[in-house]
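There are two complexes below, and they share chain A, which is joined by chain B in the first and by chain C in the second.
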Partner chain A sequence: MPYLSGEETVKELRRALCNPNVHSDPLRHRNAVLRVIRAMSQGVDVSALFSEMVKACATVDIVQKKLIYIFLCSYAAVNPELSLLVINTLRKDCQDPNPMVRSLALRNMTNLRLSSLVEYVEQPLIAGLRDRAACVRRVAVLGWAKLHDLQPDSEIDAAVVNELYSLLRDPDPVVMVNCLRALEGILKEEGGVVINKPITHHLLNRLKECDIWGQCEVLKFLQRYQPQSEDELFDILSLLDASLVSPHPPVMAATVGLFLSLCGSLPAVGLSALRRAQGPLLAACGSGSREMRFTALCHIQLLLRSLPGLLGAHYKRFFCGYAEPAFIKQRKMKVLVELVNDDNVAMLLDEMKGYCTDVNPDTAQAAISAIGHIGRSYSDRSLEILVGLLGLKQDHITSAVVQTMRDLLWVCPQCSSTVCLALEECEDTMQDAQGRQALLWMLGVYGERISSAPYKLEVFIDDVRNETSAGVKLELLTASMRLFLCRPAEMQDMLGRLLHHYIEEETDMCVRDQALLYYRLLHCGKEETEKVLQGRRSDPSLGVLIGPPAESISQWAHSFNTLAPLLQSTFKPDSKPQLSDALRCDPVETSGNCPDKQMDSSTHIQTSSSAAPLSLSVSPALSPEKFERLWLQPRAQHDEHAAEDDCLWIEESIQCPAVFQCSAQSLQASLQLVNVQTLAFTPAHARPWKVYLYTRMQLDSRGSTLILGELVHCEEEPVNEKERTRAPAAAPQEEKTVRVTLRQQPRDDETLKAFLSILTTVLHTHSSSNETLP
Partner chain B sequence: MVTALPGDQPPVVMRHKDRYFVHVRQGGLFWVATTTADSSPFTIIEFLNRLSALVKDYCGVLNETNITENFALIYELLDEVLDYGYIQTTSSDILKNFIQTEAVSSKQFNLFDLSNVGLFGADTQQSKVAPSTAATRPIQGSREGGKSEIFVDVIERMSVVIGSNGVLMKADVEGEIRVKCYMPNCSEIRIGLNEEFSIGKSQLRGYGAAVRVDECSFHQAVRLDEFDNHRILRLSPSQGELTVMQYLLSDELPSAPPFRLFPTIERDKGGRLIVYLKLRCDLPPNSLFISPCVFNIVVSLSQELSSPDQRAELRPESRAVVWNIPRFAGGTQLSALFKLDIPDLSSASLLEVGPVSLSFELPKLTATGLQIRFLRLSPIQPSQSQRWVRYVTHSDSYTIRV
Partner chain C sequence: MSASAVFVLDLKGKVLICRNYKGDVDMAEIDHFMSLLMQHEEEGLICPVMSHGSVHFMWIKHSNLYLVATTNKNSNASLVYSFLYKLVEVFTEYFKELEEESIQDNFVVVYELLDELMDFGFPQTTDSKILQEYITQEGTKLEVAKSKVPTTVTNAVSWRSEGIKYKKNEVFIDVIESINVLVNANGSVMSSDIVGSIKLKTMLSGMPELRLGLNDRVLFALTGRDKGKTVMMEDVKFHQCVRLSRFDSDRTISFIPPDGESELMSYRINTHVKPLIWIESVIEKFSHSRVEIMVKAKGQFKKQSVANNVEVRVPVPSDADSPKFKTSTGHAKYVPEKNLVVWTIKSFPGGKEFLMRAHFGLPSVENDELEGKPPITVKFEIPYFTVSGIQVRYMKIIEKSGYQALPWVRYITQSGDYQLRTNV
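Right after this comes the complex of A and B.
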């Protein structure tokens, strides 16, 4: 269809519409109208034809009517006066013996969206609610919602609202569902439609009559109902059991959503509902529609957060098909990573290996990093594949592999020997800045074990003028410095050249400053330099806490069956860095998963001034003797003179089952993750179980505050008087309670509370991960 | 709005401020819905799929020209299906009452329009063009007293992974029975499946080889009262397409996988990569269509194929060699020899060859062995009515590791 200039078309169409010959022939008349609509849908502005179209409205031909109504609804807003002319025709049509005509007129009357027409519309709408044809009632019910939307300020008559409530008992299920929808809109300010017990049971009984769309809608509304007793709850749940395994994914999803919201207080029931829904969800994952597959995959990811081992046996269902689009493949890999266990790891890695050479570089990269993740628990097998991939000498693959190796090293330092061996043989220069940065980091940190490291750095240093990425420059500086410390003879000349270049010629201030800093640092002598540069090369605590703890359903239940899971594109590598992310207590630790960015203490110097509001640190160190002195000294008088001393004591009980059963080392490691130092602790099963810890906290302007703490758990007998008085009341919970005493000096209530919440989070994370471990 | 998206890049949901766009792709067209964040993605996607199926039912074929030709009809359809953004009904039984007049007439207008192109001002000529009643729309065609037909299609999709050692690593079959009914006055259909059809592992029936599936679900309109004893599905069909039953067989095929590949990959002295593929079809003699693909990094290619009507081409953008086999008889074997020139070929490059993916369609065959025993219609239809039972197995993903 050729595009004509708008004006010409409109003129031409007007001539056709006004032609009396055309008017006399209904077919030709209809054809002329059709051409107007066609022009409209092609984007021509035909609003100038409004009056002609209004005239054409007076016809007995339903098809023509429908076409004209489409036109009128599109252009009524720009021609409110002329639209008044239509209302008579529409009102007449509302009396038509043919229900189809009545519903059509009523629907379009409300679709005009003109507030000036409201007074003419109300009466037909009231009549429409009592119409004997269901299709008219459907339209009339929704008409009231449209009317309310048009005039949100004016109240809809209470009688109408009552009538709508009574229409919930309409024999036609669509009318019933429309009533819910309309009432929800009309009563939005009062919290939407009221779902009480009789309405709930009425809706449940009629659920079967609705089509799948109606069922979904009703199930969504039922989420608002709170059953009055547990018996009633279980009655409802058993009524819904069939929908839970419905072959229609929308119904299944809506039912699961309802189960989750009803069983908020009964997580076990929610979990078993999820287990039952896994079949239909899996079936949706194999649906013919790839969009449906994608949706199901995203929801399975949610499910796995609470039921980590759920679909382990079905891992083959998540193998990627060759023709599947990249976004499905990448989701599937994320699911596969979650499903890995001792039985399937061999098959799974074998399959993943195939994806690493995918034509789509993003998919290949995702596969490689997925293998890296599996490597955290099965490092030997994964590394074997990763090392093999280096042999392919494909630029994007090498880059992804190097980054993956770096991330793996950060968590599992025991892999270092294999990685160093592989790096020794890796000759490639990568185009990708991320990859080069990762390579440099590893060369710097493990330089003493890679014999060819200086020569690899030399390539970079020789090429320093062509380097554009600031990240790579910084990393190169740090790596050269580190390597210089362990292999001075080979590095001295190169480092000199590098520093000279960066100090004299570099335009990036950040890089130049860093170079200057290092230069001055070297003047301070080897020991000082080492102190600054010997950052942590790995984070064993991440390794200790591997195996993500099962989250509770309530963490994600609200986003189930919404668009949120589909939009989540960020790869959550594992849940550990979230811990430090969530706490935001130390900028160094927040980059836990990407050590290239800011992990050495030298960069720490730069960043700590701009740190997050809450910054913990363990330096300067506190000796055990000093701790003891501080801890014991004000204790005698802390009730009376606490305020004078400018120190603050608080005691709190934290519910964390099983924290005291796990090894002290792992607790220490996870506390260190948030920069809390443990000084002393009792063996795991000794009673009372005690841990002493301390940290310093940065106050924005007033220097720092020192926090000392004691964790006590005792099951036999309470240690002090306070505990004894509390014991009878808290007896059943005591098993799971750790009592925390904190002393802060100088006092600052807010930071102390913040610290307590950090501590609580750590203990919770720790104890829940401990529970899931066998 | 969304006009062009690269084939597989976009995720299903896009966001602009607080508005969300959900799309599906059907028939080469994007079907987009706008919505808010808390709506159910399952519902929207299912609805868009259903809508495209409805449009297909009414327009015959899904393509761009058909949509622009039938815009009026699609407006009507949308108007009846959605009101104020709420889904009213998508059942073709109900819709036909509302759309009935539209469908025929819009067809007439299309003919008018075609004859009318470029005839501005010559309106009087239009009356000479007689409206045609020969509608091509499937639903319409039957109601207008055309052929009354019913199609029962058993469609299966295989996804298979065969390891480099020839071991079957994964084999899933997803199947469905689809009924397309164009019979205006048919009140009930009875579909008989194999007597020995069984669901799940424990439930084995009969003495012969059982036809087994792992999971099975039925459309809610299907009555299953005779299913347990006689494996008969009863339903009252609506006009248009209906998926009666969906089933799934995982990790187990009743027979050997249909294709086996014997690859040999090596480097010759001139630094070329020699790929020799021998493909065997293990089906009973039968004719079918397949087109396998080999992934590779290739710069130039020379080929020797076992038959002249086959073709092989190199697709540098996807780094693949595509070998098209128009006809492949069961029980036979084909071979192909590809010589690939690759700059700086290393021994590691051999690792990058593969996997081989086959896409094929096996007509008259089901991988599970499911058969329709009989198809009975009541009331008994006049003799000119036609009943079709068709079987087809597609490759969803048939991958052979090299």
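Right after this comes the complex of A and C.
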């Protein structure tokens, strides 16, 4: 075929279609139509041929009909008037003795998506619902959904809705499932299709007849049903047992989703269902298709948020193959990090070590930071690997290792000696700005223990003109300042040069201002400078760091088996669109899953005393790092009820004799019952004894407020300004008092007081139960 | 489920064919797909789901095609992927090979299929056996509209038409097991499992009733028999023709088979298997001068069995040159484009041990590109043998007309994902 431009093609095609000789020869006619469609799929705009194609529609050749309908549906929107001409042919086809032709006509009639045609379509659709051929009924049922989609404002006749409900009993399973889909769309305003008891039982009985698409759909709709009794619930569950271990991952996932929603009030049953689905879940992770594997892994991550121990024994199934794509490897590593325990840590780290040299730098980086994560609980082994990796002298690996070490130091300051030793040896200069920043931070903070620190900084300072990243510049300034404070002799000259350069020559205002600030700070003397630069750090005595709390299943159950868990890899968790959903926690949750009766009632008393019902929730989770950042934000004044713009500090003393003698775990457990999460503890008998905790509290209409808290108990006299807050007569009880400092943001005095009373109750209950123990 | 539209793109991102099912996502959105993909590829973060504004693209790649589904809802991801794979499966059954050319040559059938497979974003008729009854490639040849309704669309036995006739009634059963092994550099088996499948080639007249007997452990435990070796199968998947209710109640596999070739069932066995071909390798790399490779392969299976077409693929550095080989059997070949040495042994009897030595030169200038540590992979096929020991005990064929039919059984074990890590 000679090359023709779009316009010429259209002309040429029109000529062919209009040629009476072509019309008389069916084979040539079809070929002409075929060429139009081919041009259409190649992206040529052939909409000008609409009227010719409408004429060609009157044919007995079913393939030609199909092709023309595809054409008409694609261009109907640009030719609404001409489309009216097709309706006649289509309506005639709806009467055709051949059910294939009838269903084809009906489907395309609804696919035209023209609201002007709705009145012509309704009658054939009603007839289609009563057609004797199942394939026509399938199309007709969905046709109503399309009609509603086209005109969402106009109501679909109640008689039709009733007919659709009755078609749920259609002998053809696809018609049945299509009815569910259509009703769901049509009745969206009223909350979707009604799933009552008879419908549920009917659907359950016919589940086996459906193909996997149908099964998934039915299982999804059943989530809406609330069994009336526990017996009925268990009947349903046992009926679905076969689907739970179905070898088709979508069916299995849909069943798990259904179990989770049915067992909302019986978490234990939900858990055992998940345990039972372990096998198929693992099988899905080893599925032949990488997309299915990815989906399965994402969902396993979701499950692990509530069931950290699940699948721990099968950790080897998550080892990466060499040829697997990076997105699967990285997901697997995230899962592996969750599965680590005392028994498998050696094996797991050994495996991870292999991934660190992956050809894909992102995968290597992910592996390194995974090792860092494991290092929070198994620091020695992990550090050994990390230090070993520095020896490879690969630029991107070194950078990732240095960053990981910095993050680890934040959380586990006790690792600092090993890290300092390793940094001493590390000679490389990194290309990557993030890595250099991390290195500089460590040199600044731990400079006094790294003998070569000034020389390392010197390399940076000598090369200061070539530095482009503002982050590195700022970090370099701060690090030089910090190091100057502890090693003035070696640093004085260098710091002078650096400040001079930044103040005189730097173009970046931020950096220049920072340099000026430091310069003036130095004028204020050493003490003042130290106060600014060496602010409060994480308390090295806080050894035990408890991982994120096991979330309740209801936190994520709604997003199970959807797209959302897959998308979380592409979005930062902060920008998650469903975050607002997660915040909406009903008050039931506070006390709902509270097995301890005593605790339960006490919370209730407290909540009833305040005007509005209180709802505490620990999600979205707060990371220890974030907590620390918020906690260390400076307080404006230290008065009892010092208030900044939007945050409130209060300090109280609670008398509870023995609370600090009990184990951290039991206190954590009882706080978790009222949805308060503890983040860090000092060891049981350390003095001062400290606990850090947080919770979120629902404010009726204004979103939620975050409360951070610190419990401190000192055996000695509390120091300086805190004394004022204590009651003067408290001396004899001194030893039995826990001082509570709370920080709330945004402020809301009432809820904070209410929270304080809840906390008091918990501590009292806890200490009294502790006292009774020997 | 709800996929709004489905696209088939070529490698450059040009739309070959598309179908708009719901009309709630602008069809022009697909233009962003390729740029998104490139962007993710550059960042090394390719992901099977990508988003542009409120539109999500879920995609798979098959030969030189991208199959993409778009949606703006929080749809069921696993179902969408299953559907895309179903598309591939159906197209492959129609065109043998699914690639750009076959889509372009058969665009009429592709349009027809897309029309039947999904309606308004919901999968409808996806069984290719049924589809083949009324959408045929011969349809492009001219004939007046087929007035015959395919009975199978509503029939109870949707996968088999009535009135099939053969002169000689036979059924061929292939039991194929592939073993997946991952061995650590220090020689310990990290993971191993067997994926088995039973394939049928049915050439039987009428509507025959078949019953397949296996040495299934659960069945033997049910009936109280305990002789000989039994097999514990997991994740058993059946062709839709198998009556699942009977299998669930008494583990009988009974069915009316589809005509021609089909996969009756697949299973997985998650036991510790001894790697059938054991590889020991010593790879010594002397920087700036040479690499020396010594590979020992040992057949760890019965002496009577023979592994055919064994291929041991040993990775070599990408800058290696001037290969020299010495093998005790078979021959070795250097495949520079894949950085591999492929050692081929036509027949490898059980219990035997063979050796290959390879020597490569390395350039004196160091290659600073980071290279991964690819594992050694092995391919092989052992006929007349199954690792799991699964056996077809009987195949009963009953048809109304009472003809005699012969079942033929063949066993094959082959390598699946068979990897042995090296320490270089």
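FYI, the second predicted complex is superposed on the first by the 555 of 774 C-alpha atoms of A that agree within 3 Å, B and C clash if a C-alpha of one lies under 4 Å from a C-alpha of the other, contacts with A are read in each partner's own complex, and residues count from 1 in each chain.
Following the convention adopted for this analysis, contacts are C-beta pairs under 8 Å (C-beta built on N, C-alpha and C of every residue); 3 or more make two chains touch, one makes a residue touch a chain.
Predicted model only: the values in this text are computed from it and were never measured.
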When chain B and chain C are modelled together on chain A, clash or fit: clash
Partner chain(s) touched by A:324 [first = chain B, second = chain C, both, neither]: first
Which of chain B and chain C A:197 touches, first, second, both or neither: neither
Contacts of A:393 with chain B and chain C, given as first, second, both or neither: first
First (chain B), second (chain C), both or neither touched by A:295: both
First, second, both or neither for A:70, with chain B first and chain C second: both
First (chain B), second (chain C), both or neither touched by A:15: first
Which superposed partner A:100 touches (first chain B, second chain C, both, neither): both
Shared chain A contacts, counted only where both chain B and chain C touch the same residue: 27, 30, 34, 37-38, 41, 62-63, 66-67, 70, 100, 107, 135, 138-139, 142, 145-146, 174, 177-178, 181, 211-213, 216-217, 220, 247-250, 253-254, 279-280, 283, 286, 289-292, 294-296, 316-317, 319, 321-322, 325-327, 351, 354, 357, 359, 394, 561-567, 569
Contact set on chain A toward chain C in their complex: 26-27, 30, 34, 37-38, 41, 43, 60-63, 66-67, 70, 74, 97-101, 107, 113, 133-135, 138-139, 142, 145-146, 149, 172, 174, 177-178, 181, 208, 211-213, 216-217, 220, 242, 247-250, 253-254, 279-280, 283, 286, 289-292, 294-296, 316-317, 319, 321-322, 325-327, 351, 354, 357-363, 394, 559, 561-567, 569-570
Chain B - residues contacting chain A, complex: 7-13, 15, 20, 22-26, 35, 37-43, 45-49, 68, 71-72, 75-76, 79, 83-84, 86-91, 97-98, 101-102, 105-106, 108-109, 112-113, 116, 120-121, 123-124, 126-127, 131, 157, 159, 161, 163, 169-170, 172, 174, 215, 217-219, 246, 248, 250-251, 293, 295, 318-320, 346, 348-349, 351-352, 354-355, 357, 359, 396-397, 399, 401
Contact footprint of chain B on chain A as seen in their complex: 1, 12, 15-16, 19, 21-22, 25, 27-28, 30-31, 34-35, 37-38, 41, 62-63, 66-67, 70, 100, 107, 135, 138-139, 142, 145-146, 174, 177-178, 181, 211-213, 216-217, 220, 247-250, 252-254, 257, 279-280, 283-284, 286, 288-292, 294-296, 298, 314, 316-317, 319-327, 347, 350-351, 354, 357, 359, 388, 391-394, 561-567, 569
Chain A partner contacts - residues on chain C that touch it in the complex: 1, 14-17, 20, 22-24, 43-51, 56, 58, 60, 71, 73-79, 81-85, 107-108, 111-112, 115, 119-120, 122-127, 134, 139-140, 142, 144-147, 149, 153-154, 182, 190-191, 193, 234-237, 240, 244-245, 248, 268, 370-375, 417, 419, 421
